[in-house]
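Read from first to last, the chains carry the letters A, B, C, D and E; within each, the first residue is number 1.
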Amino acid sequence: MAEIRSRLALLSQNLRYRAHVFPLPVKSLVSWAEGLGLARGGKTILYTGHLYQLLPYLRVLREREQGFVRGRDWLSRLAPVLNPWINVSRLAILGREERRLQEYYTGVLRRVVKLLRKCGVEPGYLYEKEYYPGTLAYDLGLEGVFELQARRVVRAFREAGVRTIITVDPHSTALLREVYPQLFPDWDFEVRSYLEILFQESRHLSLRGEEGVYLWHDSCVYVRYLRMVEEPREILKRAGMEIREPRFSREITRCCGGPAETLFPEKAGELARARMEELSALGPGTVITLCPICHFNLMAVSGPDQRVEDFVRVLRLEE
Amino acid sequence: MKEPRLGVFICHCGGNISDVVDVEKVRQAVEGAPGVKVAQTHMFTCSEAAQQEMIRLIREHDLNGLVIASCSPRLHQETFRQMARRAGLNPYRYVQVNIREQCSWAHPHHPGEATRKAVALVKGGIARALRARSLEPIVIKTRPEAMVIGAGIAGLEAALGLSRMGIKVHLVEKEDRPGGLLRDRGPIFPTDQKGRELVEHLWREIHRDANIRTYFRSHLCGKEGVVGDFRLKICRDGEEKEIRAGAIVVATGARPHTPQPGEWGYGSEGVCTLYEFLLHLAEHPEEKPLFYRGRRVRRLVYVYCVGSREPAGEKARTYCSRYCCTAALYTACLVHSRWPEVTQVHLYRDIRSYGKYEKYYRRALGYGSVFVRYSPQSPPEIHPGGRLRVRVRDLLTAKQEIELEADLVCLVTGLEPVHSPELLEHLKLPVGKEGFFQEVHPKLRPVETMADGVFICGCAQGPRTAEESAASGLAAAAKVGALLLAGEVKREPLVAEVIEERCDGCGECVAACPYGALELSGDRVRVRESLCKGEGACVPVCPQEALQVRGYEHETIKALIDSLAEGLADA
Amino acid sequence: MSVKILVFSTQNISDPGVDLAGSSHLPYSPGVVVIPVPCSSGIDPRWIIYALEKGFDGVFIAADGTDCPYLEDCTTRTGQVVARAQEMAREKGLDPRRIRMAAICSVCAEAFVNHMRNFEKALQELEHGK
Amino acid sequence: MGNELSSRYDCVVIGGGIAGMETALLLGDMGFECLLVEKEASIGGKMILLSKVFPTLDCASCIATPKMAAVQNHPRVTLLTYATVESIAPREDGRLEVEITRRPTFVDPSRCTGCGQCEKVCTVARPDQFNQGLVARRAIYIPFPQAVPKKAVIERRGLSPCSAACPAGLKPHGYVALIRKGRLERALHSILREAPLPGVLGRVCYAPCETRCTRGKKGQSIPLRALKRFVAENLPREERFLPEKKIPKKVAVVGSGPSGLSCAYFLARKGLEVVIFERDEAPGGLLRYGIPTWRLPREILDQDLEDIKALGVKIVTGKEIRSLRSLREEGFEAVYLATGSLKPRTLGIPGEDLPGVYAALSFLRSYNTGKPPELSGKKVAVIGGGNVALDCARTALRCGAGEVTVIYRRDREHMPAHSFEVEEALAEGVKFLFRRAPLEFRGRERLEEILLAEVRLGEKDETGRARPVVDPSRTETFRADAVILAIGFQPEAIFRDEGFSYHPDGRLKVDPETLATNVEGVFAGGDCVTGPYMVANAVGAGKRAAYHIYRYLTGEEPRDIDLAPEVGRGDKAARVRLKAPVAYSSVFGENPVPEQAIEAAGRCLDCAVCSSCKECVETCPAGAIDLNMKPQKIRLKAGAVLIATGFRLFDPSSRPLTGYAHYPNVITAMQMERLLAPTRPYNAVLRPGDGKVPGNIGIVLCAGSRDQAAGNPWCSRICCMYSLKQAQLILGAIPIAEVTIYYIDLRAFGKGYEEFLQQAAGMGVHLVKGRVARIDELENGDLVVYYEDMEGRGGVRKARHELVILAVGALANPELRKCVREDLQLDEAGFFREIEPVREPCVTSVPGLFVAGAASGPKDIPDCVLHAGAAAAQIAAYLRSLGSEGA
Amino acid sequence: MIRLRPEWRRIFEARERDLDARRCFNCGTCTTLCPLGLKVLPREIFRYALLGAEEKLRENREAVYACLLCRLCEVNCPQGVKITEVIRLLRVYLAEEDLEVRP
């Protein structure tokens, strides 16, 4: 009980006072874009929603917690009290595994940019002016801080002259599409998922997939919030790739457990293992995910010989 | 009778018969038999060419009987009867013998025995044809006039329907106003029209209609005559009046069940039945806030299945009244739309808002009604008092006990039959287990009763909604129309007859006839052909073999048995 | 020489069932012949006895059962007919087991054929038992 | 029943279910003329599918069949089955104009006796709709034993692509279907019925059928030609199509090539006296002299010729007909010219007359007659790019030539030869030289070399191919010992003085439909009309000519000669360029065993359903089958129209959580009805997965009703009751069975229904409150259902069943709406809306249009019957207001 | 014993929001499909909210926060209840209660 309360308070404080989920240096969120030459702002921007960047740090937290199982209650009780004054970022020093993960997700984001460019889209980027969309706060019912955060996000869009927002993860897409317009009566941004752009343009691109057997995991948010079922499949089909799907696929896909990560990490692991089992029952192959949270969770429970790959990492563009 | 001159035709059915049965052998076996003038085989007796040929032969040889051995009578008996008619031969002189379904196809591995059986069957057919008589359909003259008893929605619809079809209507109502249960009602489902206005509308139309006469404060007090022309008596203030009508539609409705005082808290302040509540709402449609007999209603609790679906037992109302769930849901919607501040709680067993009525359940849910499912083993306890308390175990939360306070408890009761001794006496209407009038067959003949010419509809037959009552009223009207519009009814003449010289008037048969078609007249029994259905239930009970059904006379059947027995024995 | 069985069937209900046995090509003994009547309640027990006396080994009443279009109590009435016939048979020294009844509906082809087979077997046993 | 359709009716009733029948009978009894239109082959609707019906548990058939018979026999009700209403439009006189299409059943209903013999011989199996796909029926079928009318219909979707493609009118689908069933003799019979020369065609036909094979579009096509060859070469030709009667009329056929033989074959089968005149010493024409013997062994040709001779056809060889007058004098009343197209084209270049320069046909002829030119070790060139050029090249190799080169002026892809022929030639070692044209043949005594010029491909010509442009400045010499010219042939105009019309290239002009020439009584076909073309086309032309010659001579249409779409007309436009079929005979080898053939045939998809094998045509004792039946448009006037089109059943395959369509033991309630009905497909209640008798059965209510997620939030009203009924029937049929019904609310609301529910409970049916949200399958085919046990301990519970029945809901069937031009309103669930359901039941938003039964919303049978009664009253009143009094 | 207080849910209406769960007809689909397999989630939680059994709701706070918002139940809900939105509303309600403690 108390745990839920303290965690909610922690999240609330971080967002309220730091505008971020974790107290992290800005660099850790924008460094993925180094050297890509993305314009600062512009009419069309890529909005990362920070999910890919945050996940390695989430891993740190989780590892820490598992390391201090006994002290957890103590810590969690104390954390909200200390948090406003102490920058916890020192806790978030990445280990080897996390660094590898960070590299992987950096690669994902960079490949998205590459694919977009192939599609003839040259997105801008807000760099340190890009804010976390507030998904977690919204989902957990912390409406006050969510609104605060959302206003920051929208202000940044307006200041940069943004018209079209290209998203890379389903959670941010859904939030920007479903919730933001309700909050802001003057909301007039176009929100497009990179998948939609890719789907539209892939007809004219020569896509190629890596050979192999692919096991498909739909993201709950893509299929049930955004009703995006066929687009990614069609892209793969055009790349000549075939996928295998478990019974619980498409509209009835099963959750990877990710959303439980914040409050019930054991539950998250349990669900991820169950899902992974369903997928591996299809035979050996590479699991494809479309959402960073799915990737993170399924990977965490995958065996040494199981590959879990983000959608963009299995696509190749013929040069 | 003229000398018998029969034609016998045997069908190959293109091999379907002749591959097993030696058709030629059959022909030879009957050729020249007594009375047989023509015996032929045909590849397809049903083909137009074969029919032309048979017609020619019937005329040429002046045949007075016809036997065709082919397929099942269900396929072609009617075809050949019509052919006989075209050839100028009375269709009842035609006998169909089934040597396909019941011979060649049934015994494919025994051609010899099948052929022998076919011969036996054809000889049996000849035996029947030799005894067949020319018959004409029984014609019952009908007068295009009908009586409708009851002026509720079903009766009003039936009356209007009949009149629009051109049938004169006598509408008899025991009250002094039309409308039945809908008379004093506000909006009803599914049209949202006020019951009162609906009745007024129909009544205006009936009033304008010169073809419909209405008799209020009247009831039926006598019936004579037969279907097509009844002589009926109605009674008004002690005065009798005779009305002639070809058919009667009974639409006497049902009445809402009222619990005994004390049952379910009924009789205490703040407890009423749904019907009472509806009448109250119709009287005070605009009153704000909601009051019921001086009580301000903020919390309204409905208790469903009061006096319905009771466990079997003597006098138990085991049946479901069908309309009440939807009526209660509709009421909840009505209350919400006028008094949205009222909290409504429904204690139910199953919500039976069947079919399209599901929309009222959905609406009531959407309006915020709370539903609590109770079990008949632990029904809600209603504790009267200034504030009513209701205790119930909620099946939907694993039988947790819950308690709530209410300002008004509305008991959702069903419909129960109206006891109408005069109808039972004069119309001899059968009554079902629950006391509603019983139809002959719910699917085949849903508005007909065992009493010929007497039809039932509406809630008199069983509980139903307004639209269903209306439809059943019109369905009864259609049946009456089919009976009376042609001016006469033609019936198969294959009905019972009395062999007078044998009858000794013992009357055993009279009781055996389920249709009241037999009566004693003097020391003989007489068949009222218009009532007889020809099923022959009377035949086996007559000790004298004096009763028989035409076409199945004792002699015919015995001759048939003779032929069959002989035929099979001819090895 | 097959056993001779006379079947009384009813035009609306059991005769179509007997027809269906034929059109489904379910064979039964050619010693079975059928007399269709309107309703099984109208079969006279005297006909049944007459048939036994004329050489039929058995008489089978294919009754309307609950599907009877005429009478709700058709089964009861037909039952009475059969009971009377069996009684009369006894009086005449005929074995009442030669009379049987079963409800056969319009699609009871299989049931009919099974009844015929069983009845035939029973009658043969009666014959041998003599 | 009146069979004749009238042009006006008082009421047209659409839908022959219980409601439609009831209203039609009532209106008929009132004296109104009714037309009952049913889209299926039999009336009876959904009710006839049911086992027993609640709450009285009486037999659905026993109730429905007398009604069906009454409809058929009613003097004022006309029945029109297998017919679709196309449009309903108001007329100025207040009545309605109704347009109906009567779909072809391919069985003449006035002849069919419903005996079902056709079903026994039919070669195509389809899921049986009557039994809800639990078993198969045939392509020709009587819908069910109690059908009204009890007539067969053929499910037929045109002609299968293979059959439609055959220029000879063969029905590959038909013989494949017969082979598949192991009826090899019948397969040969079926081939011989449609065309002679099966052996020849099995060897030399280019099989356009295989190119069109639907299976080929999804992989390898059926080896149609190889299958034909298999039956033609491996089965004895015992059966002959001997004529039933002789017709004393004489026909002369000039030319004994495939076309002449085919014409003679069909005419002789019809009993005519036919004489073939052949100028060569042996019959066969091109088949004997043009086609190399390595391709067509002569025994096969001779065997095929026997079929024709056995019919009494006289073949006079060594006699060239030079004038038609003599034939007329000999008493021939008709003549078929099939003289072929044998005159070689020439290049018109120097050296064409040198020894060592051969014309293709004379080269082949000398090879085929056993006197081939001496070519051993020699270098041979073949000029041309057609199939004949390739034949020559490959024959030259067989004559021992050292090197054979085909020289063609365009590229490989432009070659008129079939690509598979090119591949085979390449495989045998033939060389190719493209974009070269000969300018001169050089040599002193005999050919030594050829002067070739390079060819450039210019603009596209009218045929869409690049025009070859010879560049005389770029030449080369090609050393050759012999050259064979295979650059085309044209017909010899042999009867120049008889008044025939010719095309400029020497081809005879004929009527493309009848193949009649402009000379009375003379018909022509085959290569002399089309120019050189495929053997199958020549055979087809002979068949077409025979048809029209017979008609010309007797005035009758020969029904037994089937001119399918592609059967060789004379027009050149009908030519198709063939792509190689994927499976050109590669599926099995040269000499397959029957099992291989049967297996290969078994891959056929039955794409047109009916295979046109015509087994039924030959079996039907009444001669009722008519494969040429066409749809019939009917227009009529109606006072009123009743919509009684009933409802659709929800298809649970759209709900993946039910597992329906994936787990065989999850079935719909309608399938259960069939399993329980006395007319059931098996003689017991068996689960479809493995035929086991299920002991523990779950019934899942609200499958596709009361479910917004499935698109139908409405209650279907019947499912609770039919499920309670099925539960009771199951307990009757399987005494050891346990039945559980999962429900949200049990809606037993009608007269006697609550008691029926109590009766079920009393029998031990388990009633569980909770909706089954998910069904899983176990390895042994059993199923696990998941539900929330809210009235018990709470939480999710699993239950195991051997069979799960989905009580599928009733959906609206608004198909008919598009036929109505006026605004016909639907209710929120898509059913036809009654505008004033209390005051005016059954009245729709369009004057004259009424609705009855489940078409206005789900209803059980008693309510349908009542509603239908109400509709009859309303329609009668309406008709009276129009001035129709009925009787 | 639960004391029924259906009016309780008017606090949601005060926020101009519907407690959409009132459309629930208690079929149990959501609970059955919930990957978490908690006895009370979501139907029973909703039921407590509808009945006004506030203390029951509070007792089951953990379940309210456990919901993954994966919407597997929602897309299969026969009554089309926006289940995730209802869960979120309950969280808003509970969170405010919680966070009020520490301003």
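Everything that follows uses one rule, which is that a residue touches a chain if its C-beta (ideal position, glycine included) is under 8 Å from a C-beta of that chain, and two chains touch if they have at least 3 such contacts.
Just so we're on the same page, UniProt names per chain: A = (Fe-S)-binding protein; C = Hydrogenase iron-sulfur subunit; D = FAD-dependent oxidoreductase.
Treat the numbers as computed from the prediction; the structure is a model and nothing was measured.
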- Spell out the chains that contact chain A ((Fe-S)-binding protein) while also contacting chain E. D
- In contact with chain B and with chain E at once: which chains are those? Just list them. D
- Query: So which chain is farthest from chain B, going by the mean of the CA atoms in each chain?
  - Reply: A
- Message: I want to compare two interfaces, B-C and D-E. Which one has more contacting C-beta pairs?
- Response: B-C
- Item | Maximum centroid distance from chain E, chain identifier (CA atoms) | C
- Closest chain to the centre of mass proxy, which here is the mean CA position: D
- Give, as an integer number of Å, the spacing between the C-alpha centres of chain E and chain D (FAD-dependent oxidoreductase). 58
- Centre distance in Å when chain A ((Fe-S)-binding protein) and chain D (FAD-dependent oxidoreductase) are each reduced to the mean of their C-alpha atoms: 54
- Please compute the C-alpha centroid of chain A ((Fe-S)-binding protein), do the same for chain C, then give the distance between them in whole Å. 79
- Task: Could you grab the centroid distance between chain C and chain D (FAD-dependent oxidoreductase)? Build each centroid from C-alpha atoms only and quote it in angstrom.
- Result: 48
- Task: Would you please write down the residue numbers of chain B that are in contact with two or more other chains?
- Result: 74, 100, 351, 362, 373, 396-397, 441, 444
- Taking each residue of chain A ((Fe-S)-binding protein) in turn, which ones touch at least two of the other chains? 251-252
- Item | Sites on chain D (FAD-dependent oxidoreductase) at which at least two other chains make contact | 56, 58, 63, 657, 706, 713, 790, 794
- Query: Which chain pairs here would you call touching?
  - Reply: A-D, A-E, B-C, B-D, B-E, C-D, D-E
- Using the touch rule from the top, collect the residues of chain B that touch chain C in their complex. 72-74, 98, 100-103, 105-110, 113-114, 116-117, 120-121, 124, 441, 444, 494, 514, 533-540, 545, 549, 552, 554, 557-558, 560-562, 564-565, 568-569, 571
- Query: In their complex, what parts of chain E are in touch with chain B?
  - Reply: 1-4, 6-7, 9, 22-26, 44, 47-48, 50-51, 79
- Query: Mind pulling up the chain D (FAD-dependent oxidoreductase) residues that touch chain B in the complex?
  - Reply: 18, 26, 29-31, 53, 55-56, 58, 63, 67, 69, 72-73, 110-111, 113-115, 117, 150, 620-622, 706, 713-717, 745-755, 758, 769, 790-794, 827-829, 831, 836-839, 841-842, 857-859, 861-863, 865-874, 876-877, 880-881, 885-887
- Name, in rising order, each residue of chain E that touches chain A ((Fe-S)-binding protein) in their complex. 35-36, 61-62, 65-66, 68-72, 74-76, 88-96, 98-99, 101-102
- Item | Interfacial residue positions of chain D (FAD-dependent oxidoreductase) with respect to chain A ((Fe-S)-binding protein) in the complex | 656-657, 662
